[in-house]
Amino acid sequence: MASTTVTPGRTVRKVQPIPQTRNRLELALWMFMRYSGLALVFLALSHFWMQHVLIGTHEIEFAGTQLRWGITGQPVTVEQLIWRAYYAVMLILAVAHGINGVRQVAYDYFGHRPATYKGLMYVVVAIAAIISLGGILALFMGAAAGGEAALR
Amino acid sequence: MLTPLITTARESLRYRGSGHVLWLLHRVTGLGVVIFLGTHIFGMSMATFNPPLHEAMLAVYKTPLFSLGEIVLAACLIFHAVNGTRIAILELRPALWDKQEVATRWSVIITLILLAPTIAIMAFKSISYYATHGLR
Amino acid sequence: MPQYHQFDALVVGAGGAGLMAALYASKSVNTAVISKLYPTRSHTGTAQGGISAALGNLEEDKWEWHAYDTIKGGDFLCDQDAVDIMCREAIDAVIDLEHMGLPFDRTPDGKISQRRFGGHTNNETKKPVMRACHAADRTGHMILQTLYQNCIKNNVKFFDEFQVIDVLIEDGKCNGVVAVQLATGEIHVFHSKATLIATGGFGKMWKVTSNAHSLTGDLPAAVLRRGLPLEDMEFFQFHPTGVYKLGILLSEAARGEGAVFINDKGERFMERYMPTLKDLAPRDICSRCIYTEIREGRGIGGKDYVYLDFRPEQINKYFEADGNPKRIDAHYLETRLPDIIEFARVYQGIDPIKEPVPIQPTAHYAMGGIPTDNDARVLADETGRIVEGLYAAGEVACVSVHGANRLGTNSLVDLVVFGKRGGIAMAEYCKQASFRPINRDAAAKEGAAQLDRIRNNNGNERPHAIRKEMQAVMDDKVGVYRTGAGLEEAIDKIHELQARYKRIRIDDKGFKWNTDLMEAWELGALLDLAEVTAFAALARTESRGGHYREDYPNRDDVNFLKHSMAWKNGTITLKYKPVRITRIQPQERKY
Amino acid sequence: MRAFPILGAAFSIPMKINLKIKRFNPETDKKPHWETYTVEVEPTDRVLDALHEIKWNQDGTLALRRSCAHGVCGSDAMRINGRNMLACKVLIQNIAKDGDTVTVEPILGLPVIKDLIVDMEPFFAHYRAVMPYLVNNDPLPENGRERLQSPADRERYDDTTKCILCAACTTSCPSFWARGEYVGPAAIVQAHRFIFDSRDQAAQQRLEILSAQDGVWRCRTVFNCTEACPRGIQVTKAIGEVKEALRTGIIQ
């Protein structure tokens, strides 16, 4: 504007959100990496310290897991539900964070070969999906299955 | 096909930058944790689907080699977590990049502070375990 | 295979002058810029102080005052109509730069900020005036960047890292240039209606210089070889405070803050020469005094440098001795002279707060060059006949707005004002002119032959040895102090070097990025210019501005209020043309 | 007696160093190779001086770019002892002692043409891609004068105006080594210079360009760029500010 005076101090301007979907995805994933990372600091570290340090791997027994998850065949307690939620959230965040991490690395080194890059990512996502689906199922539908297993 | 990977890997090791080392470690530890996480979730879900397999894996957890690996895992996870926090905080507040050098130093210090007792406890527990149970 | 290009307008050199011309020419005609460096690496980027224009943003100022200061600074050798044009159009040119995006520093009310600079005054009160527009201490850098940015915006065509080695001139008309593409070593012939030369200075004739390695006078030498004259070559500015051995400039601001010169005996020697102005005497005078000390054996350790001392306690001591109540401390200096202090720290490993800084005068700016009229059209002789289709602007040109000594900040003004005028003049010319036929194969062959002669030469002389000896003799005999005998000696030496140059041998016989070859070729250009400079200096038996003859220490308006023009065809021929004086009569130059 | 000592051993004691240079001549070599030269230098000489010493007195075939020789033109970025710097801005005494070996190689990630000279074209292509020029389509002030800008608004983008396009930053970035399509820190710095200029009106377009997959999100905050920048620009911070603008839609 051809104004003849100037306001002292700093101008603040606004821009529209970036419209193209692909670009917004990069932004969203970038944000996700930061926030999921921050959440994982508490989830993953607390888990790790509890299981691997305080209890100690050598003391971990199948029975302990059965008790925490509530897969002993007994009715599920509130405490067990909270444990299940804790593990489910951690699992989802960690897997998603990990997959995107792998994607970033793969894009760096294989991005110039779109076919390789895509193929690699399909494999990674497929494995991750199967494993984490298994994990979730194990947590939530494990009551019945686990009960049976416990009897075996 | 692997040229970018090879040059980057080679030159990444030869380049001398301070933030550079942290980036390299962040990447390596991140990938390391991903691999562990995969096997770990698989192993744990076997608690439901295949308890004998699960128990077999737990048994593997109790070997010296794995105990050593576990300490490495602890180092990876803790470093990745601390350094990731540094990145996340600084990037959500770009003005703080001024303090990059301080932040870098603190990343290393905090990692070490968290790591020292962790390793000590883990090592102590492992050693006393193998002392009583013997090596398998 | 040589390659061939055709453009209406060609600009050789992508510094401030070249880019400005390209920007204006490309608005209406098909234009290309050829540069041996990437444009942003041109030497315009090193200019710090500022660009003067009588904007009057902070206090009253008039372009007429600017013109008067310029003419007086130039020791009355300036062509006054050209100076008037420059100072008047400087105002629009600076505003133009702002509109293009140049990030000038601002006054509190948002206007372009201005500051004081040596020699710029309010003509009525005689006090310094704030005339230099600045962008921190990176004004030249910002001008260069801004112009390049706008060239990109306007899709100007660039040939980066193409070195021009010949200008095609036939029947007094210019038809383009021959260049070598450095990356491949291929010869390219550029055919044009109009060509503008803006290749900057040529300070590499001297060893100690503030000039870049690339400032080797390629194009002035090329036009000289094509039978055109160079003007006022004897006038070269030596800046007193260059970093010892490197020549990097330490701005006058240091002495403005109280720094003093010290010789080997620890003596503040300027007191002896200039009892009143002392260390703040004009540039040329300071340079001369420093050399006197060195020659009389009082350089530090008997070597060729003295100290610039700005340790706070020393400055305070001198303030006290001068009866000046002002006192300063280290912090004050750090905030006022950050760049100078950094240069000393980086390049000499010396902390100027704790130790004195070794300095020596440094060859800085060419007042002379390719003669042009006020529209940047190149002149073929002393009568003002023009070379059709050939233009020149910037430091390489001699309009002459700087006369015998350039005022600080005026070079940047010269670039933008005459660069723009040149661009517009070229565009006008191209619209009505048509391409003259050229023999492109012959042109390419001649260009290639020039290089092959050097590439395949099997002598026993190393180009660097010749360059070193040339620089030594130029520093010694054609520097701040000159004498008839010394200049004659220099000319003999240059002739000897020219003969040896014919027997050089280079290591690199390849084509791609053969910097060995190009440096050797550039040496040929420097030798030619050195010869002309020494000749013109020998003939001017007076002292004026940047040219000081010990054997003729006074200005001689009766015999030498005139510009020299030098031709070289085998030997050097000198002619003279009068100075255009309009409003201001020559008077004694005292401040 | 002399009033001052002759300055620092600096000016008198020459030293010998070895320069191990990565050489490549496109006309004869298939692969680059290392060559070592021994030169006598003064401690206050620049690495550039040592390279000139070789070029002028030992081996004229050595090819490198240089111009200003004091760190302001951006011609001679190279990797010295494993780190990007300007050969003319680093003194030998700061990186080597008598008898030491200094390694010199071209900057990484751009095709090497000859010896220390790389093809800068991809670098400048990224630069051109971010619209590195002021866009303001409003009519000019009627009084024929400058557009106004407050000192605070001018200060906002001061840091990124210092860039000399030397490419030291971009070629120190692992993301760029891995993938040359990444626009790189230098181009982002240039975009920053205009995005945060209150006179400019094309921030939206620039941000859109930078939000592409090979735009700012490829920056992994490695910080090599900031460390390499000879102009002391806070490159990583500038990139962070661009990311922030993209995230929040606010430029301040």
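Just so it is clear, A, B, C and D label the chains in written order, and each chain counts residues from 1 on its own.
Here, contacts are C-beta pairs under 8 Å (C-beta built on N, C-alpha and C of every residue); 3 or more make two chains touch, one makes a residue touch a chain.
Quick caveat, the model's predicted, so the values are computed rather than measured.
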| query | More C-beta pairs touching across which pair, B-D or A-C? | reply | B-D
| field | Chain at the geometric heart of the assembly (C-alpha centres) | value | D
| Between subunit B and subunit D, what is the separation of their C-alpha centroids in Å? | 34
| query | Between subunit A and subunit C, what is the gap in Å from one C-alpha centre to the other? | reply | 63
| Whole-Å gap separating subunit C and subunit D, where each centre is the average of the chain's CA atoms | 26
| remark: Distance in whole angstrom between the CA centres of subunit B and subunit C is 60
| field | subunit C residues counted as touching two or more neighbouring chains | value | 108-110
| Counting only residues that touch at least 2 other chains, which ones in subunit A make the list? | 5-6, 8, 108-109, 112
| task | Among the residues of subunit B, pick out those that touch two or more other chains and give their numbers. | result | 4-5, 8, 87, 91
| Which word fits how the chains touch one another: line, ring, star, complete or other? | other
| query | Using the touch rule from the top of the page, what pairs of chains touch, sorted by label? | reply | A-B, A-C, A-D, B-D, C-D
| In the complex with subunit B, residue positions of subunit A that touch it | 33-35, 37-38, 40-41, 44-45, 48-49, 52-54, 56-62, 65-66, 69, 71, 91, 94-95, 98, 101-102, 105, 108-110, 112-113, 116, 127-128, 131-132, 134-135, 137-139, 141-142, 145-146, 149-150, 152
| said: Help me check something: in the complex, which residues belonging to subunit A touch subunit C? | reply: 5-6, 8
| Where on subunit C is subunit D touching in the complex? | 37-38, 40-43, 45-46, 92, 95, 98-101, 103-112, 135-136, 138, 141-142, 145, 149-150, 152-153, 183, 212-214, 246, 248, 262, 264-267, 300-301, 307, 343, 346-350, 355-356, 358, 462, 464, 506-508, 510-516
| request: Give every residue of subunit A touching subunit D within the complex, in rising order. | output: 1-20, 22-24, 26-27, 29-31, 104, 107-109, 111-112
| task | Mind listing the subunit B positions that touch subunit D in their complex? | result | 4-5, 7-8, 11-12, 14-20, 23-24, 87, 90-91, 94-95, 97-98, 100, 104
